[in-house]
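Okay, so chain A shows up in both of these, paired with chain B first and chain C after.
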Partner chain A sequence: MLEIIQEYWLLLLIGEYPHGKLGGLAMTLIISFVSLIVTFPCAVLIALARTGKPGIIQSIANGFVHSVRAIPLLMLIFWAYFAVPMIIGFPIDAAFTLIVAIVIYQTAYLGEIIAAGITGLPKGQREAAAALGLGYIPTMFRIILPQAIFNVIPGIVNQLTTIIKESSLGSIIAVSELSYVMLQVNSNEVTKPLQIFGILAAVYFVLCFALSQATNWLERRISSRRTGQVVVEAVA
Partner chain B sequence: MGYQFDFGKVLQGEYLELILEGLQATMVVFVFSWIIGLVLAVVLTVIRAIEFKPTQFLVAAFVEYHRNVPMLIQLFVWYFGFAVVLPDAVNDYLNDIGAEIGYAIVALALNKAAYMSEDFRSGLRSIHPAQMEAARSIGLTYLGAMTWVILPQAWRLALPALLGQTLILFKGTSLAAAIGVAELSYQARYIEEQSFRIFEAYGIATAIYMLISFAIMWLSSILSKRYELRVK
Partner chain C sequence: MIEFQNVSKWFGALQVLRDVNATVAKGTTTVLCGPSGSGKSTLIRTVNRLEPIQQGKITLAGLDIYAKDIDVNVLRSGIGFVFQQFNLFPHLSVVENVMLPLLRIRKQSRAQARPVAMQMLERVGLADKAHSLPADISGGQSQRVAIARSLILKPEVLVLDEPTSALDPEMVGEVLKLLRELSADGITMMCVTHEMGFAREVADRIWFLRNGTLTFDAEPTAFFSDDAHHDVRNFLSAVRKNH
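Up next, the complex of A and B:
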């Protein structure tokens, strides 16, 4: 197991960079962060549409969320990878298609989380803003969203964990991220699949476990700030 | 763009057969891993409820592994990794009978067992401990209190989360394509390669996934309402 790490640690971390394409863990992290950053504004819009007045926009948003939740991410990736280049007429980079698929998929899920943050706020906030004479847009962007998004920060960080895990699907369409690099290593070494996939699982585990611990910590911090009390941490 | 749609070409003869075979494999993986996952989840929840640190730690480690490693990698660990542990004779036999689907069922079932046991546990935890004390004080045994007081509430509380996991599992069956299980997405990909009918092949597979997912969502909302816990 140690020989594998000794031989391939650089490949695992940054792929073939600087002699070739960037890959490995660095690529996984870049794809995940870029996906989250692009998803965020889309998710806010979906959340606003879902929690706003009933009408055509809300119906479209509802339809979008329900449809996306009914399709496996792999199907979405196939569409983005094989069908979109046909429509636009020229090939696109695999990493880019992966990000597009994850953004579409996560917009539905992150949108639900932010919508829950919006509906979770007391009604008085909106009424007070209306009483002050604020219109819809300033009410939403200066009163409701800052509080709602602050309250759902744990949910957003948790979604980053999900995105990191979902980015492993990139290996199916040959995006040179962590899983793909390890699949390559596996086909080089042939005889040590258990160690190789054990290392791969361990890398994801460390990354995602740390993030989910951070989520728990954030959740305690934020709930204590929201209720104005210090939450006594359980001594386990 | 001058693309002629021809769903008829994909929806007949050999291709229709492939799609139906794919759908069958998808459903086999889904149903078997759901049942095995649920049973294992109950076992895990019981083990974790027993106050014995080493076994509790093992269950917690099992759950954390399955929650923090991508499902695809879990499939790879079973499919590529587990095979080398087995003797050659067993491997030859497994390859003959087409073991991919078995590995997929094992990996997905263990993954869902971890998630579902967490749902059960949070259902149990959200019932106030005073209810147990009250039940014991009116003369019920521990088992009696569990059967008549705690569990009837706990499973209702856990139900929405379990139904959510069911939908995730159904969509997760598509990952089995990555280890060569000839399920729906695998067949869609194959038909696309053979016939160059990109939109029809993926369109039909997507439509089937959506139909079944919507059925699961619809059933979930009915069941969640029907068994909602009204007193708390």
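Up next, the complex of A and C:
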């Protein structure tokens, strides 16, 4: 096990960079953070649509969420990777494809978390904003969303662990993230799958366990300052 | 100043306001009382269209509040509204709560708005709490901040829904004192309250609602006299028992 780490630790951390493509853990983290950052505003819009006035926009948002929740992420990745280039006529970068698929997928789930944060606020908050004469946009962006998002920070961090795990699906379309790099190591060192995938599991575990501890800590910090009841169902 | 003409309202099949006709004169204080569920909150919430009405007409300074050219947000910003539960914005400090309407509705800069908000906080005696969060001040202080926030746009009308009902007894006084001062300053006030001492002292008119009907609308002397409507007398003796 130690020899493997000794020999491949740099590959594991940053892939072939700087001589080749960036990869490994660095790639996993970049993909995950970029996905979360891009997902966030999309999820806010979906949450606003889902909790807003009934109408065409809400129906579209509902349809989107229900559809995405009914497909495996891997299917979205296949679509983005194989079908989209055929439709648009040129190939797209695999890492980019993976991020797009994760963003679409996570928008549905993170959107539900933020929507729960919105509906969990006391209705007096909206009424007070309305009584002051605030319109929809300032009410949502100055009053409701800051509180709703603050209350669901643990859920958002939790979603980051989900994204990190999901990014391993990138190995199927040859995105050089952590799992893919370790698959390659495995084909070099044909006789040591136990050690290699043991290391891989350990890296994911340390990362995700640390994040889930952070989630618990945030949960405790925030519940002491929270207004309203937010019930965030376990997702994905 | 505010006129209700044949106002009726239903929640689904339940009629909660029945043909209410009444007037609030400019600069006067009207106290609304009546048993729980009689429609007091609903009636005052119709004034700024927090509750829509299905029949009748409400005018504010002669203007139909449902007229087509009325912007509901402009209407609301001209009416101060205070809730039983304060409804301060917990993520904003006291002074930011009070500043918010200036920033977001009057579109003032922070530099313009802050001194105005501080002045208002001084007016309600809470300048020293400007940078506290709502969670860190008492109920009475919270309600005074809520009143300051509702007054910051200088509304001509102040509407309050049981402003002292959620307070510990020792904090009721500080809020009522402020309301007395505001009433004396000549703001037009509508206040739902069970504080009969306050009503007797400050109100120009007292309205009594029962089952959505405005059954009594009179000056305090008539309201508290022995020949008031028997519903009123029953209500008053019930209130006295609870206090």
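FYI, the second predicted complex is superposed on the first by the 226 of 236 C-alpha atoms of A that agree within 3 Å, B and C clash if a C-alpha of one lies under 4 Å from a C-alpha of the other, contacts with A are read in each partner's own complex, and residues count from 1 in each chain.
Just so it is clear, a contact is a pair of C-beta atoms (placed from the backbone, for glycine too) under 8 Å apart; a residue touches a chain by one contact, two chains touch by 3 or more.
Because the structure is predicted, anything quoted here is derived from the model rather than measured.
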| item | value |
| --- | --- |
| Touched partner set for A:Arg142, first chain B, second chain C, both or neither | second |
| First, second, both or neither for A:Met86, with chain B first and chain C second | first |
| Comparing the two partners chain B and chain C, which touches a greater set of residues in chain A | B |
| Touching partner for A:Cys208 - first (chain B), second (chain C), both, neither | first |
| Chain B versus chain C as contact partner of A:His66, first or second or both or neither | first |
| Contacts of A:Met75 with chain B and chain C, given as first, second, both or neither | first |
| Contacts of A:Lys165 with chain B and chain C, given as first, second, both or neither | first |
| Chain B versus chain C as contact partner of A:Ala131, first or second or both or neither | second |
| Contact footprint of chain C on chain A as seen in their complex | 122, 124-125, 127-135, 138, 142-143, 146-147, 150, 225, 227 |
| Touching residues on chain B, where the partner in the complex is chain A | 1, 3, 64-65, 67-74, 76-77, 80-85, 167, 171-175, 177-178, 185, 188-189, 192, 198-199, 202, 205-206, 209-210, 213-214, 217 |
| Residues of chain C that touch chain A when the two form their complex | 48, 50, 73-79, 81, 83, 85, 87-91, 100-101, 104-105, 135, 149-150, 153 |
| Sites on chain A touched by chain B in the complex | 66-67, 69-75, 78-79, 82-83, 86-87, 89, 161, 164-166, 168-169, 171-172, 179, 183, 186, 191-194, 196-198, 200-201, 204-205, 208-209, 212 |
